[in-house]
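Have a look at the structure that comes next, please.
As written, the chain order gives the labels A, B, C, D, E, F, G and H, with residue 1 at the start of each chain.
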Amino acid sequence: MAKKLFYPGHTGCAGCGMAIIFRHVVETLGPDMILVNATSCSEIISTPYPRTCLGVPYIHVTFENAASVASGIVRALKAQGNTHTKVVIFAGDGGTYDIGFGAVSGMLERNENVLYVCYDNEAYMNTGNQRSSATPKFARTTTSPVGKIHPGKDMFKKPIVEIVAAHKVPYVASASVGYINDLNDKLRKAASMDGSKFIVVFSPCVPGWGEDPSVTLDVGKLVVETGLWKMVEIVDGKRTLTYRPKERKPVGEYFRTQKRFKHMTKEMIGEMQAHVDKEWEMEG
Amino acid sequence: MAKKLFYPGHTGCAGCGMAIIFRHVVETLGPDMILVNATSCSEIISTPYPRTCLGVPYIHVTFENAASVASGIVRALKAQGNTHTKVVIFAGDGGTYDIGFGAVSGMLERNENVLYVCYDNEAYMNTGNQRSSATPKFARTTTSPVGKIHPGKDMFKKPIVEIVAAHKVPYVASASVGYINDLNDKLRKAASMDGSKFIVVFSPCVPGWGEDPSVTLDVGKLVVETGLWKMVEIVDGKRTLTYRPKERKPVGEYFRTQKRFKHMTKEMIGEMQAHVDKEWEMEG
Amino acid sequence: MIEVRFHGRGGQGAVTAAELLAVGAAESGNYVQSFPFFGVERRGAPVQAFCRISDKEIRIHQNVYTPDYIVVLDSTLLQAVDVSAGLKKGGVAVVNTNKQVKIKGAEATYCVDATGIARKHLGKPIVNTAMLGAFAAVTGLVKIDALEKAIRHRFEGELGEKNVAAIRECYEVLKK
Amino acid sequence: MIEVRFHGRGGQGAVTAAELLAVGAAESGNYVQSFPFFGVERRGAPVQAFCRISDKEIRIHQNVYTPDYIVVLDSTLLQAVDVSAGLKKGGVAVVNTNKQVKIKGAEATYCVDATGIARKHLGKPIVNTAMLGAFAAVTGLVKIDALEKAIRHRFEGELGEKNVAAIRECYEVLKK
Amino acid sequence: MIIPHAKVGSSLKNKTGGWRSQKPIFNPELCKKCGLCQLHCPENCISGVEMDKKVEERSVAKTDYDFCKGCGICAKVCPFGAIKMVEEEK
Amino acid sequence: MIIPHAKVGSSLKNKTGGWRSQKPIFNPELCKKCGLCQLHCPENCISGVEMDKKVEERSVAKTDYDFCKGCGICAKVCPFGAIKMVEEEK
Amino acid sequence: MVKKTVEGSFAIAEAIKNCEPDVVACYPITSSSHIAEGLAQFYADGEIKEYIRTEQEFSSISAIVGASAAGSRAVSATSSQGLALMHEVVYAAAGMRVPIVMAIGNRALSAPLNIWDDWQDSIAERDSGWIQIYCENAQEAIDTAPQAFKIAEKVMLPVMFCIDGFYITHSVETFEVPGMEEIRKFLPKFNPKLKLDPKNPVSLGVYAMPTHYQMFREDVHRDAAASLKVVKQVHDQYGKTFGRTYGDGLVEGYKLKDARFILVSMASVCGNIKEAVDALRQKGMKVGLLRIRSYRPFPYGQVAKALAKAKAVAVLEKSYNLGGKHPLYSDVIGSFVDEKKRPVISSIVGGLGGKDVTVRDCEGMLKKLAKGKHFEVWW
Amino acid sequence: MVKKTVEGSFAIAEAIKNCEPDVVACYPITSSSHIAEGLAQFYADGEIKEYIRTEQEFSSISAIVGASAAGSRAVSATSSQGLALMHEVVYAAAGMRVPIVMAIGNRALSAPLNIWDDWQDSIAERDSGWIQIYCENAQEAIDTAPQAFKIAEKVMLPVMFCIDGFYITHSVETFEVPGMEEIRKFLPKFNPKLKLDPKNPVSLGVYAMPTHYQMFREDVHRDAAASLKVVKQVHDQYGKTFGRTYGDGLVEGYKLKDARFILVSMASVCGNIKEAVDALRQKGMKVGLLRIRSYRPFPYGQVAKALAKAKAVAVLEKSYNLGGKHPLYSDVIGSFVDEKKRPVISSIVGGLGGKDVTVRDCEGMLKKLAKGKHFEVWW
């Protein structure tokens, strides 16, 4: 097979959204890049010793330190006089919103010249679908199960885009696997800037969400069309919606595509619709 | 001596700004409170075994985990059916902006019913005045020394108020030791609310900043009068300036009060003035 | 001690099958132990699960290397995996297929169209429970009633009944 | 081996004094060791610092328990602290005071108004360097030139010269 | 001394085609060489559509069955119905 | 078995007054009982001004020299010049 | 107490739940996740009062330290990287004398990343003052959960009970889980003398100067060493109440009476060794097994006694000291420091990162050992 | 090489700087802060290329792991809680074979919080595969810095060199710091065979299944054990170039020739013991000191040989195993596992959390030891 940056033979689930994103991150930014990965599905499916599906230099150390490892690499390159090689992080929502957030915040504060891509599959998938702070409200996971008292996740998603943007880094954006060209545009734009860049990408997960492998892209579109996932770009503090659904579809349409929402009652769906409506009020 | 919540005999420096804040935090919120402290000056000066200056229950575990320890306490109280006792964190800027930020972010995301008070003396004072991400640009510290190439701290202060507020917690505010009544008002207001509350308080440090012990309050006022420190309150997402200097004094006046800024050139002061002016543009 | 190995794909419920077999076999006083192949396999990847059944206490904790029985939930695996690896002499295979296949190294291969049966009862090609019926019929190691009880316990209400119907049909097909 | 203990307050430079003494004494070929009391003392709190001077290699690393000399940078400490604790028989004290005091347990107490002298030369009551002049005069353990060199190395330019003037005046006051 | 690492392209030894229970059949007649399937395949195993060339110069899309896991994304994304999912042969 | 802990008020054994090199002298004549010094003392060692009472019923401010570190904040904050800092006696 | 055929982890979760902890704080990590998930289900169903889904493990242990200091029974479960991340607070918890309990699904430490069983994660914490009990199977873990709380709250030291990842955590077997009512009789309510209480305020987690620090460490050492007795007592008492015992609570001998060649080990591999011992006994070999249950405090005396008459002993451990003598091996050697006579003591490291140690392997080890020569090998 | 009378930490910082690391990543913590501050000053003056002021220590070590993997020489300094916080990455670094170096200002671990000297922080990492060298004084630390990089880059294992907090880090003495040019001749440029390089991409930090994991661990074990030779060689070579040596690089004997009673210890307290030995020798007692310099790899053979003729030995350590036999003690006992004869070996824990161990204390220990009986005490 011809030289590739992302080879077939990874061991992710059929239809994995993250795999599509992963592929584009390295294909769009490589080959002159170094990829830093956090423990996650993306690590487990890509680099089981002695194999790797990656055609770019890759390193993984722990779950929580991708941002710090990348900081060290980017400084080493600087010390070596290398001003061209891009340092790119690929990490899940768990490694970004939760366990790695201290390190992420530190990296952003230092404004390290790193492009951080978080694929958000809204739970700890590698370990079997446990709740993360990116899990949407009401979603059933193994640590936010549906019980007699608590009907799934209790909190709304952590507003990561706003939190990262509050660090005043040059580039922050959200994207979705449903809009691959948009993702690639954002990757290229981010890579052209100095300092810390952050892109979070919506990434459906077949077994975790209980969806058919073939609907990954559709789900990645529907979440945007219902307004549950906003596509934004914040460049030097200026925020723009990069995509605005003509007419927002009812959120229930989205919830129906996945088993994790199966238990949701009309009231819960109503609450989520109200939440989304409120969130969109500010968009004018 | 009569029963107190904060006893004399602590071992802080004469004129310590943090000591004044510490005192008011426990006096205003106590006695029905549990205080959680992070390793810092406040810990070292308050609780050298076998002594303590505190008249409220107090716990310290490590530098980075006050938010997590407090989470455990607040849940324990809940499990015990105790709905009245307030759980309050007192931590420095290092323990809040830097090493503890992962835990802080986690606590805010869970919206734990905790009041977090960060006293910001703009460096790691307990260990001898090393740079933190709260250290203002150009300030000389022992790890951001003035050298042939780098003139003190290289980055602006981490925008902690904005970052915390982006977590969408019910109450976020900034205060200064120069305005104690305002601080106490904010403490009371925060304590009356459910969920996570966060107040960051400007806290001059005598040896670290190289200032006379007697000027602590003056410095705490000057920083506000020059506009370098904004006094704000963000209640359920709505932000207000709680104090607006009639006419902002030139920042140079503030820098002159402290040795850590002694090396600052006109250009540097100019840069800082421009920065402040820009920051105030948004206030209209 | 009897050792059974289930072959399936990630997501097909091989682990559940092994567990239900254990639960069913325990019902009649056996010592049992079931466990997955301790892997990181993803949806679709070939996976294995194991069950030990014994009349004496099971003290060992190690992989199953030489199974007495193999149960193949998905015949497409026959191309991808050496399902008969380590199979004991005299070992028996039970395969979900609508063809007639012969597993090399197995003393006997029992074939059943569990997919068809599952489709019929469950509306979906989920065969892990159904195949237990086949296993019970072929081996007699577990009572079909015990399996049904285990299944009803695991899947509440209608779903349980549908599964029970599937397992029973599989059982009967092979009992004949 | 000679052991010296400095008493001061946090922020008064007792640690620097001990260090400068070491640097000065090393100048004439001595083995030296200086170190602070390893504490967490804050500005204003009584602190100690130590210096060892020896013609043989100093291998030990432990606190100073029985100093040969004590140097008191701030006479208000005399009320707060037992400055003469452990002082060797025949030990000598040098105290910054504008009075005449006698340190109990000391064979001799030398008093000097270092505050006055420091105010004069430095414009501030910073006495840590000045007191080294007194110590040199009293003990002869370190050459005043070596101390001056050490001070000039530590404090660049004008500040160094002012310190040198202070230390020299203290030296001379007590040399008389 | 072993420094744990993996070499480029070594994942090609994982013939993940064996995971497939559904199989995409590419119909070259219907393929309009738009490249959408190729762009979205999570296995990166569709090839042929040289996107740097003009449409007419491109080849039709094809997949490498050694790796295709049969997710069906290509079939769903193809605007021209050129890909059909069928049951994998047993 | 020792559970490391410290008991309330035990810091009173630290007579931090010994740290002082400057000393605040409170002039009861000038004191208007506004309580500002008491409010801001970092040692919490100024007392007398019962803020819950009316001004006329309050006592004048005084400090506890056992603990006062002589920072001078009270003197600076007193609007009425009722506190003067002097050199500590030697 | 009813018999259930379920996964070990879920049974252990149920046992923990039946100890009525006020606060659970967990972060998922293979191989302990299923315990955390079981507890989460109990929480969702209202059977556990508080469950904190922390953002990482450092916070999990910190939260239960806080909860415990506030007077609540508090527990967590973790493995490997999670325990490693907790390291700083592991020491702090013992030093603060908070009687928290953790269930450890043992698992190898990175790098390379590996999710499978070995003991190094908990072994690396062996100096800290925590009590560590290694269970041979899930039934023992179920029975150890209530004991762990009881020991912890008696000695005022934290306890971890360790379970081989996957082998035990993920195996479905038939268990008896003691019920809440039954446990209540065995395990009294947690009621610490000192806690965070506005009515009786104290300062906890203070700092100590050189004059005091060593005293605290020595106190923990003394209490930890003396807790051997408590571990045993609590075990015996549990045995009386519930009818299941594990050796003498500290060590378990298997066919030791006349054994000349003894394998010393811990945890689930001991089941395999028992089979191997039986097989070789059939062939007339005088072999036996000494299983360490209480690894910390380490029962030096009991070990020396149990091995006194052996000719040769080998220590099989799923842990290591890279570049040194391995931990359990060192402990066994140390048992003889003041003994006149001692057997030949050899070392086997095996089963790292899930490498299967089979009955056949164990037979091989016993045979090698029976040659009577000293060796240090990786198997 | 010029003599300077400066604080130990600053001299050590200069020595590190003269090894020309590309990347420094530090977080302040007493007692190592002054090293970090010294390095920060060099950075501010343009003498060090990159200095990352991380937000905490987990990130410091992570950053230097990254920098090293990217082909740069990288270093950090830390202590106590900082090292404890790094624990997870300490293991990962050894497993990944990145030759990073850390200067450890030894300090007690919480709780209670204590900022003073003891060794438990680094001792707690003894299993991880790191090489650990304990220095008696700052001059040795200065000389060890270049050795540390050289050893690390030869063996491809990380190295920590340990310095007693305050005693060494904060003492001003007269030192010789080798210059950059001189060090260049001794320490070649770092040029790893494998690194993160877009021109030759590899994947590092992969995960390993049960089939491979133990192989990697065994490989580290073998290389770590074998690195005894490298530690010695590098030490000897340094000695030849710079004229200063420390025992044989692994252990240092003091008056051992005819000693019947030997105290075994490490680090700065050995200076005090030397004084005590001299004092008691004056009185005719045949006492001596064995100082361990290379604690990991542990020189079991050298230790057994050095102590072979002693009647009684006591191990003085500022570290502990709470509820067990203490670490250095265990290592010394372990040295005799395969020896026919061995001296009486006793244990002393002392100097925890800055408790001063004076010359007089050491005399007391030697006297107690000379009674020839076994004991285990806290001093």
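A few notes on this one:
Note that a residue touches a chain if its C-beta (ideal position, glycine included) is under 8 Å from a C-beta of that chain, and two chains touch if they have at least 3 such contacts.
If you're wondering where the values come from, they're calculated on a predicted model, not measured in any experiment.
Taken together, subunit B and subunit F share the touching chains D, G. Of the two chain pairs examined here, D-H and B-D, the one linked by more C-beta pairs in contact is D-H.
With centres set at the average Cα position, the gap from subunit C to subunit F is 81 Å.
The mean-CA centres of subunit A and subunit F are about 56 angstrom from one another, to the nearest whole unit. Computed from the mean C-alpha positions, the centre of subunit B lies at a distance of 42 Å from the centre of subunit G.
As a whole-number value, the distance joining the C-alpha centres of subunit C and subunit E reads 33 Å. Of all residues in subunit E, those that touch two or more other chains are 4, 6-8, 15-16, 19-20, 69-70. Multi-chain contact residues of subunit G (touching two or more other chains): 53, 55-56, 81, 85, 88, 92, 95-96, 110-113, 115-116, 201-210, 212, 216, 354, 356. Residue positions 11-16, 43-44, 46-50, 52, 54-55, 60-62, 64, 97-99, 101-103, 105-106, 109-110, 133, 213 of subunit B each touch two or more of the other chains.
Residue ranges of subunit B in contact with subunit D, taken from their complex: 11-16, 44-45, 48, 126, 206-207, 213. Against subunit H, the residues of subunit G that register as touching in their complex are 81, 84-85, 87-88, 91-96, 108-116, 120, 123-124, 126-129, 131, 205-214, 216-218, 220-221, 224-225, 227, 296-298, 300, 319-325, 327, 329-331, 333-334, 337-338, 345, 349-356, 374, 378. Those residues of subunit C that touch subunit E in the complex are listed here as 9, 44-46, 74-81, 97-99. Across the interface of their complex, subunit C is touched by residues 3, 5, 7, 115-116, 137, 164, 166-168, 170-174, 268-269, 271-272, 274-275, 354, 356-359 of subunit G.
On subunit A, the positions that touch subunit B within their shared complex are 97-103, 105-106, 109-111, 133, 155, 158-159, 162-163, 165-168.
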